[in-house]
Each structure stands twice: as C-alpha cells, then as structure tokens.
C-alpha cells in the first residue's frame, strides 16, 4: 500500500484505444486490454500499482475520460507534527 | 417630423439608425456606397457599430455572427456583391437569424454597369443560394419607402427569425426626394432573443447553439419542413401590394419598384387616352401577391409585366394567373429604364391587336 | 405644374449643388421633387449631370430623357442633351464653355455669359447661381426666397456668409434672361 | 493488491469503468487531481481515435472554467472536423461557414464588446478559404482568441492537401507527394501574421505530449486572460496537431511524425509576446 | 469499350479527361471530392493541369481565366461551394466563356447535410448569380450519364460560348455503376477560339479583350439582348428529355436526375397495378422541355412532380402547362430520398381523389 | 526663336499640338528620345488628372515592347479605377471580378504555361477582397507579375478607406480619420508576402517623380524578364501611387503627400531579390 | 432476379470492398448493378455501410431502405438495419461482434463466426470474404469464379497473391451456411 | 540655336493640366497655358528654349502625351573627322 500515491479511473466505454496514455505514462502503469468495449475498441487499463498520479495520461487522453487521483499531502498520515516553527509542518513518509 | 431631402441610400441608412440598428457590416460598391458612408459617419455616434468589412463575403458572415448574438444588424450591397453573399444568406436563413439585407441593384450580369436594374429578382425570390429557403423581399419605389421599409423589414425579421431583403436599385438609391421619418419607438419594437441568441450562456441554462448543420437527413428534412411552414405563414400573413385604378380595369400592368413608378405614369397617360388600365404593384416580392393577381385575372383581359430585366417576375405573374389571361412582358435591361411612352405604346399595341393575341 | 430640368456640365462646375438647391427650394414650397444625379466613374474627368423634377402633383417617374429645360455648362453636355429638350422648351448655356452653339429652332435658346459675370462678382464659383437665376427668370417654379432658404440647407454652416454673393448672382442671372422675376 | 485486480471479475480491468464496489481507496473526490471539466459535455466525441482536436476542446473548457468566463464566452467553430464542437463545448456556440469564423466572431464582438470570443479553426479553413478573413481580423486587432488547429490536412473531407501540408507529403490530392513547384509551399500563417500590429499574442503549441498539453493550456490561459484584460489586439494560438485518419497512420505514429518532422518546420514556441516586437 | 465499375464522380472525371479537359480547378467538398481526387491523380499524367484552389471563389475565377484563354476547362463542387461561385458564374456567362461546371448537390440550406438533394434547382436554372443569364443545365440520372453528359456539356459550351452545368447529386456522385466510355475524338470536337480568346495578341490583329463591363446602359442592354437571343436559340435547339410509358398515360410523373429513377420504379409499380402512368424526365433543365409538357397536358389529367427539395421544378412544370391540368408536388428534403412506394401511394391518392381535385 | 513662339498664331503655344508648319528643327523622328509606346492605345485615358495609374500603364507597355513579348503577354485588370485598362493596353486582356485577378491569371498560366502573365490590381482589390487570392498565388509561386497600385484608397468607388490607408487619414468611410483601434491598421502587403518562398522578387516603387518612374520601369523590366526566364516564383511590384480625387487634393499636393508621409510608412525599395533571403 | 443487399459494420472491417467485389462480380456476369456507400463524417469512428443491388433488369432506384439480405458486422449496424430486412429475407451477422443478437422471426438469421474462422486462416482480414461466402451460399447471385475475377479488379496488383487465401475464405464461408454452392 | 539640345511636343488636346511635368522639369521650361483645350483643361506648354531633352516631363506625364527630342551626337555637325584610329571618331562642339 505504501507505494500507491496515485490512481486513475478510465471510462472505458468511451475509450477509443488510441494508446496515447500508455505511451505517455512515465511509470508504464497502463496497457491495452485484450477485450473490446461496446464500440469495438480495445481500451486502456491500469495494470500496475505504481501510478504516481502525475496526470500525464489524462493530459493526452483525447477523450478526457481519465480521472486522476493522488494522495494529497494533507491527507497522508502525518508521522509527526512538529510545532514551534513558523508554519505547521507535516512529515510524510514517501 | 419635418421633411428632408435625401438620397434613397441615405434615407435608408438614417431609418436604420432610427430603427435601432446596432451593427452594420458592409463593403463599398456603387450604387450603394452612400448607405455605407452615411452609417460610417452616423452610426458610431448614435449607438451602433459600423465596420467596413474586407469583402462582401466577410460582411455577410459578420452579419451572421452579430444577428446570432440577437442584435439588430444589417448589411447592404449591390448586385455582384449580393452574389458573393449567397452562401452566407443560405446559412442565415437556415439558422433562422433575423437581420436586414439591402441590394441596391445594378445592371448585370457580370460586372455589368452601375446603372439601375431589376435583374436580381430571381436571385432575391427564388433563393440565389443553395437549398430551399426564402427571404421576405420588400421592394420600395420611392425614397420615402426606402426609409419606411427598414422599420417594417426589421420587424418582420424579428417576428419570423428570418433575414429580410430590401430590393432596391441604383436610381432609388441615388435619387433625392423628400422623406419624412415616421415615429418609431425602438424599445416597443424590441424583441427578446436571449432564448436562442449566442450572447454567453444564461445562468441556469444550457448553452445556446446556432447551426445550419444537420448531418442526419431526417433531422435536416425536419428543418426544411419547419422552414416551409414558416414561409407558408409568411405567405398567408404578410403579402403587401398596391393597386392603382384596378377597379374598372380591363387590362393590367404589373410592375414593382422603380418600374412601378414608370408604369404608374403610363397608366395615367393611357387613362387620358381612354384605355381602362390598372396597375398592380407587388410591394412584397416574397410573399408574392398571387391571390389578388388571380382575382384580377378574372376581371382583366390581359396583363403586361414591366421590368428592368429580361423577364423574371413575369414568371410569378404567370404562375399566379394559371393560364387564365395572357401575360405579356416588356422590359429594358442593363441600366436602361422603361419609358412611360414606350409602355403606352405597348398598351396601345395590345388594344389594337387584342383579337390576334393568343392565350400565352 | 411640372418642370423637368437637366443641368449638365463638368464635375467642378457646381452642377449637382445647383440642382439640389433648386430641389430643396421646391420642397420648401411644398412641391413634389426628384433630384437624380449621374453617378459612377463617368464622373471621372467626364461630365456630371442631374435631373430635377418639380411638380405640384405626384411624380410618377423619376427617370426622364426629355426635358422642359436644359442648363448646359460644357460642350460634351451640349452634344449629349441638346436633342432631349422638348419642342418649345428652353436651353440655357454658359457662353464661354461652348464652342458649337445649339442649332435647334423649335426651342428657346439662351446664351448666358455666366463665367464672365461671376468673375465680375469676384467669385467664379457663383457661375452656377447665375445660371440658376437665368433659369428662374424664365421658369419661376420657385421664388428666390425659397432658393435662399434652400442654400442654407445645401451649404455647410461655415459657408453661410457666401449666401449674399449667391443672391447677387441669382439676381444677376435673372437680369441676363431679360426678364423680371415674379418676386 | 486486491483492489487493483479483483479476482471475482471476468475481466480484471472492467471495474475501472466506475464500478463502485471495486474502488481503490484513493478514489475520493478530495483526491481528484484531474478530471474532465464540467463544461466539456459528457458525451463521446466523434473524433477519430487519438485526434488532437479532442484534447484542444478539453483544454478550452478547462480554461474558460478556470477564468470563470463560461457565461461570457461565445465560440465559433466553422466547418471542418471540429464543426460539431458545439456538441461538446458547453458555452454559447455558432457554427460558421467554411473559412468565415473570424468574420462571424467579429460581428459578435462588435455588437457585444464585453463578451469573450474565440474561433476554433482548422488549417484548411483558416489558411485556405479563410485567409482573407483571418488576416483582416488580425490586422484589425479584433479582440478575440483565434485557435488554429494545424494538422496539415483537410481532415473532414477525407485527407486532401491543405496549404499547411509539408513538402513531399502524400495526401488524397497529392498522391505523389506535395510538389512545391506545382502545389505551392507549406504556409506558415503564424509567421505571416505575427508582424501585424493587430496581432497581440501569437504562439505555436502542440498537444501530442503531456508537456505540450500543459504548455498549450498555459498559452490558452494567457490568450483568454489578455482578452479579458481588454488587450488591444488579437491572440492567435496555433496548435500543431495530428490527423491519424488523414495521414493514414496510427495515433502513435502520427505523434512521432509530429516530433520527427513536423515540428522542424512548424517550430513550437511564442512568435509574439505582448509588449515585445 | 469494356465496362468499368465506377463512382459517378470518378466516371465524370474520367470522361472529362477523355473529352480533352486541359484544366481543372476545384476545392474539396463532400460529396464531390472523388472527382477532384481522381483528376489530381490522373489529369497531370494525361495532358492537363490540375490545381486545388484556395477556395471555390478562387476556383471559379481560375476557370474564368483558363476558359478565357480558350481551353477546355472545368470545376466541380457541391451546394455551399456552388453558392460561392455565383459571382464568378455571372461573369463567365456575361463574358461568354465556354466551360463545364459541376454541382454534386447535397441537402441545404446552410451547411445542411452531405446527403443527396436537388435543392439547388432554382439556383441552377433561374440564375443564382446577379443579372439575367442562363446556363444549359444537364441532369444525369446514372453513372453512365455522369460520364456521357461531360462530352455533351463541353460541346454545348463550345458551340454557344456559354458555361454549361451538370447538376448531379451526392448519390449519383458516390454510387458505383457500370460505365462505358463512348469513343470521342477530341480533335474532331476541337473548336478554334483564337478569334476571341486571350492567349497573347495574334500577329496582325488587335488585342483580344474579355470583359463583362459595359458602363453605358445602351451597350449593356445590347449585351443582354444578345445573350437572350443566344438563350432562345438554345431553347429552340437543345431541349432534351426522356419519356417513359407516356403514350397512353392519363397521369404523368415529372422528375429529373436521381428522383427520375425512383419515379421510374414507381411507374413500373403503378403500371403493374393497372394505372396508366407515364414519366417525363427533363434531361436539360434549361432549356426546359416545356413544349412536350404542354402537349402532354392535353393528354393526361394530372401531373405529379417528384423532387428532392420543397418544390422547385414544379414551378417550371406549372409554367409549361399554363393551367391546363393540375400539377401536384411530392418531395423529400435534406438528404431524404423519395421512395417508390411512397410515390405510388401519392399516385393512388390521386386516382381515388380524382374527382375532388381542383385545378391547381 | 521664331519657331518657338510663332507670332502669327493667336495662341503661341497651340502649334505644339502638332501643327507641322511650326516645327522646331529638332522635331524629327531620329531625334526622338521618348515617345508614347505604340502598344499604349492612342486614346485619352479616363483617369483623373495626375493619376499614377496612367504612368504605370505606360511603363507596362514600354516594358512589354522592349522585351518583345507583346504577343505572348496576357494581362488581368480587375475592377478598380484601372478596370478599363484594356482600353489602353494593346495586349490581350481579361477583366476580372473584384479581387480575383491572381486566380484568373493562375487559370491562364496553368493551361498556357509559356505565356507571360501579369495582374494589375488596386489596393482595395489586392489587399482587401483579394487577400486570399493574392497570398495563395504568391505562395504557390505562380509564375506571373503582380503589379500592385497602392494608392491607399478605393479610388473607383469614391474614396473609401482601403486596408492600406494610413492611420489618421480621412476617407469617405473614416471621415474623422482612420482610427486603428476601430478600423484596423494600414496593411503592408509586400512585407507580408516577401518572406513566402513562392515570392521571387518583391519590390516597392513609385511613379511620382521622373527618378521614381525610371526605377519603376527598371523593376518592371526585371520582373517580366524573370518570368521570361522561367523564374520559379511570383514577381510582385508594388507601386505606391496617388489618388488626387480620392484624397481630395491637387496632383501636386498628392505627390507631396507621398514624399512627406506615405513613403515614410511604405518604404520604397526592394524587399526581396532573387537568390537573396 | 434482383438482390438488394446491405453490408454494414466498422470502417476497418472491409465492408465497402466486400460490397464492391460483389458488385464487380455482378457486372462481370452482365447484370445491372449499383453499389452505394455511406459517406461523410459519419464514417469517423462510426459505422460504414454499402448497399449493393444486383439485377438482370434495369435498376430503377439506386436508393433502397429495405433489403433482401443484410450482412451485419457490428452492434450499432445491427441496431440500425435489422428492421430493414424484408420479411422472408436473410440476415447474416458476425457472431463475435454482436452482443444483442437479432430477434425477428419472419426472416432467416445466420450467425457466422467469421472472425474466428479468419484467425484460423491466419488472416484476420479475410473475415469479410467469409461473410461473403456465407451469403453466396444462401443467395448464389454470382459464381465464385466471378468473385475471384472481381477480386483482381478490386485488389491492387501488389495484393493479388492474397487471392488464394481469399478464395479459401469464401469457400469456408459457404460451408458455414451449410450449403453447397452451385459451382 | 546653339543652346537648343532638346525639345518636346505636347498633344495638348489630351492634356489634363495636372502640372506634374512643370513641377518635374529641371529647366523650368514649361508652364500652364491660360487657355483651355476642348475638354476644358488648361494645358502645359513649353515656354523656354532651354529644354535639354532630359525626358523628365515625359516620364511623369500621366497622359503619355509628351514626345521628347534631343539632338543626337551622331546628328550634330561634325567639326572634324579624325582617321587612323581604331574607330571613327566625330568631335562635336557642345
């Protein structure tokens, strides 16, 4: 679990199988499914758990069907809260 | 209101301002340039935008845009320029945008001459652009009407969401007559187009879209049928014409615009000679006054159509009378204007040859 | 009463404004009027003309090719319009600008030295008003007062000081056709 | 890893289509870092797989949302593959005749000067039939954003040569390749209009990579912001794009061609920045 | 010659090459682009110049130039593009330059649809451009005729020094049928235009000038009258039509182009049911086969005009029959195509309602 | 001096009109160092006094005569004051629709490639309605000479603003002067097209002084010679000219305006020479 | 004999060329034929279809909306054209591409595993020929020889080496509808 | 006479009185006539005998109605003919 900082969801029924997202993912997290959707296209799927939520795939997806999630700093489990500094500082373990 | 002595082109321009025109887009061409020039001076000072476009093609598409924004807008040109506008007019008609178009006709075809003509009748009423569409066409025959029809034109345009054409000619555009501008309350005539106009998405509404594209034939057919219904409504409601001494007429002249004035004179001359002549002057060319013509066909024994072209409206007259009486044609072309005595001569020919005339 | 008039000459001779002044005056007197200029590139270095119709009745046709009166200011116009004057009509021409005078015998012809007279008035531009005066003496279709009133409309404000000299010119013109006006 | 590859589904990937029962724990609105903009109407687009038009559409909607001008914006898409843009862009839209979008937008802007106007034009549209309208709108400094999708081809009509088609390129009207001595030279419209005083901001971008997409978005943000600020001129954003169908190649191949050849000719970057000549 | 299976657009293009076309100038638009594409491939290899113009406006003016040079040249487009060509066509007609124009019609108005239509009939025959001019209009109804009419079109153009229009539609352009190209000896059909063409001044001659400008109205009128005389000659000589089972018909369908094929099928279906139906198919739309229609009006008791528009040619039919018989209309629009059974239904309606029908 | 001022004539100057009896001894054909070119048809031109169109016409005919291409040349004059050029230029001529001369010339050149083509266009014509045709002809490198008479106004139609009209200039559609923020900026077409690869030779000249006339002739000679030599591109000769009528001034005043203001904006000289970028 | 046929599926499935091959074969056998494609932007990511009419008589109308036979290669086409098959007509569909099979009971329906068979032939592109074979077995409007002849016309020269595998596919298709050909 | 090296003739009936020739003459040899031609224009005339035949006036004349003559070297009276040089050489007195 510790590795998962990002995640995407793809509206596969609207995927046209262009493979641009796959090409653009720096983590190689995506690949084409062997299956086809109702329109007859093979669609992209997330197959690795190394997504960083970088949004690259979403940036290039022509169909705008990729939603990208990322663990926000605020949400990550704070390991310690250090006070008495100018601003609150959360330390997260990457 | 005091009378003013004005050129037809200028009277039309002034009327447009008084009718609340918010945008004018046009391109110079003789014999309508005074209209453009007048508005270039006056409109920006009186609350509207004037723009000299880079061409007639650009001008009509600016009108398409500004009309789509729901504002009162117009353009004007003369024959060759009007040909260049045909694609745009077809778009405007299909997208159902209200606006005012003015064609101050000159002699054609081609570059032709800058003298007055009525050679663009077909283009105006049968649709010079592609596809099935119609424009209400108003044909003034005096400087006074050059002004008056502007109000009417804008109102019709708003009422039917349709472009309206004022079909004038170089003589009406260039000549000066006394003109009196009617009182016209712009606010009272304002129509709220925000429901369909593209002025920015209204709060709480979906966006407005203006298009003439319906790739599915059944949808496109529905659009066509919707348009036809509208045109039929216009035909039922908006026919305008003038009858002159038709009550007892046994022979009828039919003429519009400038030729109707000449024809009027001929009627007077013929009446003096004892001929029972009348004149039917279509004021709207679409919708065409077919009904009254059909009625008169039951009364007169012949009709003579006078035009400044090679015979265009005469077809609509023939369609209207459905073979009931012979319909003849007398025309001049290329900037030449029928003369009253020449028309009188035609009338006399008719009376002397009446028996020999076959049903045309 | 209907007067059908053509005024023809060079572009710079004040042809159009002469006609317009007359038309305005006609309107002021509640007549029907039409003023119709020649237009387009034929103005370029060529002749300019305008037709004025003044009538107390509706004017059926604004387009005419025969005239009760022709006022002619140069030779090309003479060549073009002499034949259009109706029998019994008037032809007035500016003497200095015409090389071949008109020859018709069925019309009244007036040879007006308007250029010369205008120079005498120290204002060459008043030539057209002299011609107009000469015409009005023959055909008093409007009063001189109406003409002066009309000039106020036709001339831009900044030229209104020229109205007196124009009046002089009009009156001089009237004398030249040897008639007294109705005024 | 159960959430990622639920074994109880026939197709392990299908759950990603929105099956609520198989959500990854991150799938929560507060974690969303990117999603389809609301103003991009939720309907499949008609574009071919991998077509750059779609990306440009999306960016446009992101930008009008971020600048909060959805209700002030009117867009003009003329005929071309993007003629149906109004099916996707939830701002007021007018479809325009081929080549005439700048004139149409001018008409609107002149009667409603406080609206934000954009045109969205293909290269056949803007650089061929609409050359005059484009140049004159820019020369007048019409206060609008012109978005120019340069894919070097007539996509909509089946892949004919466009003015922008590169030398040697095969199209359905230059099947032996564009021969400049017969068919003319590829036309760099942005270079041509940038020197015009009416041009306020001229830039050339692309949408084939995430990096380019981000830059394009920036460019669009700039362009619209300038217009909002009342900049005295036209903003022109060229997007060098692909047309896999017209080029007869896969989307990936088309993007490679962009990088390998097309950007050599159509150099990406700003051609004119406000205040600089 | 062997038969080939070809699209209508391609057959037309191939025929143009075989007819010796020396220049083609056009712009892509669905559903005519195959014509352009075919010529872009073939023409440069077979002795002609192909140029994809920057617009339809440019294309028609390139044609104006090249036709003025006395060479066989052509353009093709579809409805919106044809609207853009109207100014140019008016110029070409006035300057009397021979050339071939092709409009592969689609549904309008506006951007409309790319599906087949006959909505540009009026534009084609009444002159969509300004001024009084006419084009001979040939309306093929098969791929074979798409090819054949090209030869005829060029010959007519040369003979009368007039642009000729082939008015086709998206279906005829897109569909494939077997086509056989007739033998055609280009040299034998070549007309020497050097007397008027602008090809460089001939030795010992004054220069040639092509213009449509006649600033003097009397000259422009003379041009108009000259043109009208030519058009009358064409009307007297070049009317083409097809009659199908009209000999004993008591009811007549009238249809051109694609609709005439559908109508043909309806006639067969109606005959099977015992109705005495005939079909008159105008092949030339200008000149219109008015004479035969007037004759047939003496024989049949009614006519039904079938068109893929809202009723355009029906006016010319009504003008031709001059009220003698009622003329009804059945049409589909926007890319929809009349179906044989729907037409049959109209026919049956007519027979059952015959007594109730008024003279239209 | 008897021959110069013969006393027996009323008007001492009149003899110069060709009265043979009062010839100066120099008046012999062999001494003629300049006379009206034969191909300039011997008829008065319709142009206003002092109009530059007339000079350009004459130069054109000098050039086609000197290059001996009278019988190979076809000229296109579209509508504008020069629409009647065919009344004066004794080479084959086609009148063209407003703005379309480059398309018309292209049509001819493509079917008759060995002919020498020129267009003769005004600035309303070439720089407004004909923008697309001009740019695309040049971009295709059509092998023709485009002669561009830039008089900053629509002469023919009575003095409306042209795209080339200078800022502040009063015309019949900008009676308070051209305001660039409303009416757009004066357009330097030559600068715009010179960078196009299809442009072979681009130069801007004038005909208001004898010196300029000689230079213009040289430029025209070059342009036609390039075409004769089969140069692979378009030659564009702009002539910045006057329009006394449209500008509402005398010919001399109009020429002064050219020198004082207009040449500051439209700088005379070559913009592109063959072989140089 | 008149056969009115629609072939519909994705752009890439060889829909148009299948129809064209059939049309060519019909022409070779001296029939009247019409081949009419769907065209325009609806091809973009959507369906493509063509209508083929083969007749020994003149074909009056090239435009039809009911069919003797429909060959359907994807779901959207099924949804669109199932209803257009004339009662008693044939509907053949590619099994793999159809999620909701047709439900009509007044027509003959054939479910052809053409994709699968094509993969067996090691050439996925022959799918369309398998479908064509299946059709020809039902409606032998042309001979297989004519089809092979036609393929020579339709395929560019450089692909003529593929004709044998196409023939295989045709014959395999014929078997699938469980009929022997007239050949 | 010795001063006259040039001369011009003007087709005055076609002169439009634009005065460009006058302005352009380096010798001030031209002026406008007080008379007018048939078209009504004052026309240009040569009034000095100092014309050099420089053609300036002809260059700028829009109507192309000025013909320019100049005494050609060949035509000037040879003072002496010197032989026995590579080419014949005429010496003229300017």
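Going by the order they are written in, the chains are A, B, C, D, E, F, G and H; count residues from 1 in each one.
Assume contacts are C-beta pairs under 8 Å (C-beta built on N, C-alpha and C of every residue); 3 or more make two chains touch, one makes a residue touch a chain.
Fair warning: this is a prediction, and the values are worked out from it, not measured in the lab.
Participant: What are the two chains with the top count of C-beta contact pairs?
Facilitator: B-E
Participant: Please flag the chain sitting at the greatest distance from subunit E, going by CA centroids.
Facilitator: For subunit E, the chain whose C-alpha mean is farthest off is H.
Participant: Distance-wise, how many Å sit between the C-alpha centres of subunit B and subunit E, to the nearest whole number?
Facilitator: 28
Participant: Mind checking the centre-to-centre distance between subunit B and subunit G? Centres are C-alpha means, answer in whole Å.
Facilitator: Distance between chain centres: 55 Å.
Participant: What whole-Å value do you get for the distance between subunit G and subunit H if each is reduced to the mean of its CA atoms?
Facilitator: 89
Participant: Just the number, please: Cα centre separation of subunit C and subunit D in whole Å.
Facilitator: 65
Participant: What are the residues of subunit C that contact at least two other chains?
Facilitator: Only 40-41, 45 qualify.
Participant: Multi-chain contacts only, two chains or more: what residues does subunit B have there?
Facilitator: In subunit B, 30, 54-55, 57, 80, 87, 91, 95, 111, 114-115, 211-213, 215 touch at least two other chains.
Participant: Pull out every residue in subunit D that's touching 2 or more other chains.
Facilitator: Counting only residues that touch two or more other chains, subunit D contributes 47-49, 79, 83, 95, 97, 128-129, 131-132, 136, 156, 163, 183.
Participant: Provide the residue numbers of subunit E that touch subunit B in the complex, in ascending order.
Facilitator: Listed in rising order, the residues of subunit E that touch subunit B are 57, 79-80, 82-84, 86-87, 90-91, 93-95, 105, 107-115, 117, 119-120, 122-123, 126-133, 211-225, 227-228, 309-310, 312, 315, 318-319, 321-324, 332-336, 359-360.
Participant: Within their complex, state which residues of subunit F touch subunit B.
Facilitator: Residues of subunit F touching subunit B: 79, 83, 95, 97-99, 124, 128-129, 131, 154, 156-158, 160-161, 163, 172-175, 182-183.
Participant: State the interface residues of subunit B toward subunit C in the complex, per the touch definition above.
Facilitator: Against subunit C, subunit B makes touches at 3, 5, 30-31, 114-115, 170-171, 174-178, 258, 261-262, 264-265, 268, 337, 339-340.
Participant: So in the complex, the part of subunit B that touches subunit F is made up of which residues?
Facilitator: 27-30, 33, 36-37, 40-41, 44, 52, 54-57, 80, 111
Participant: Sort out for me which residues of subunit G touch subunit A in the complex.
Facilitator: Residues in contact with subunit A: 10, 45, 74-76, 97, 99.
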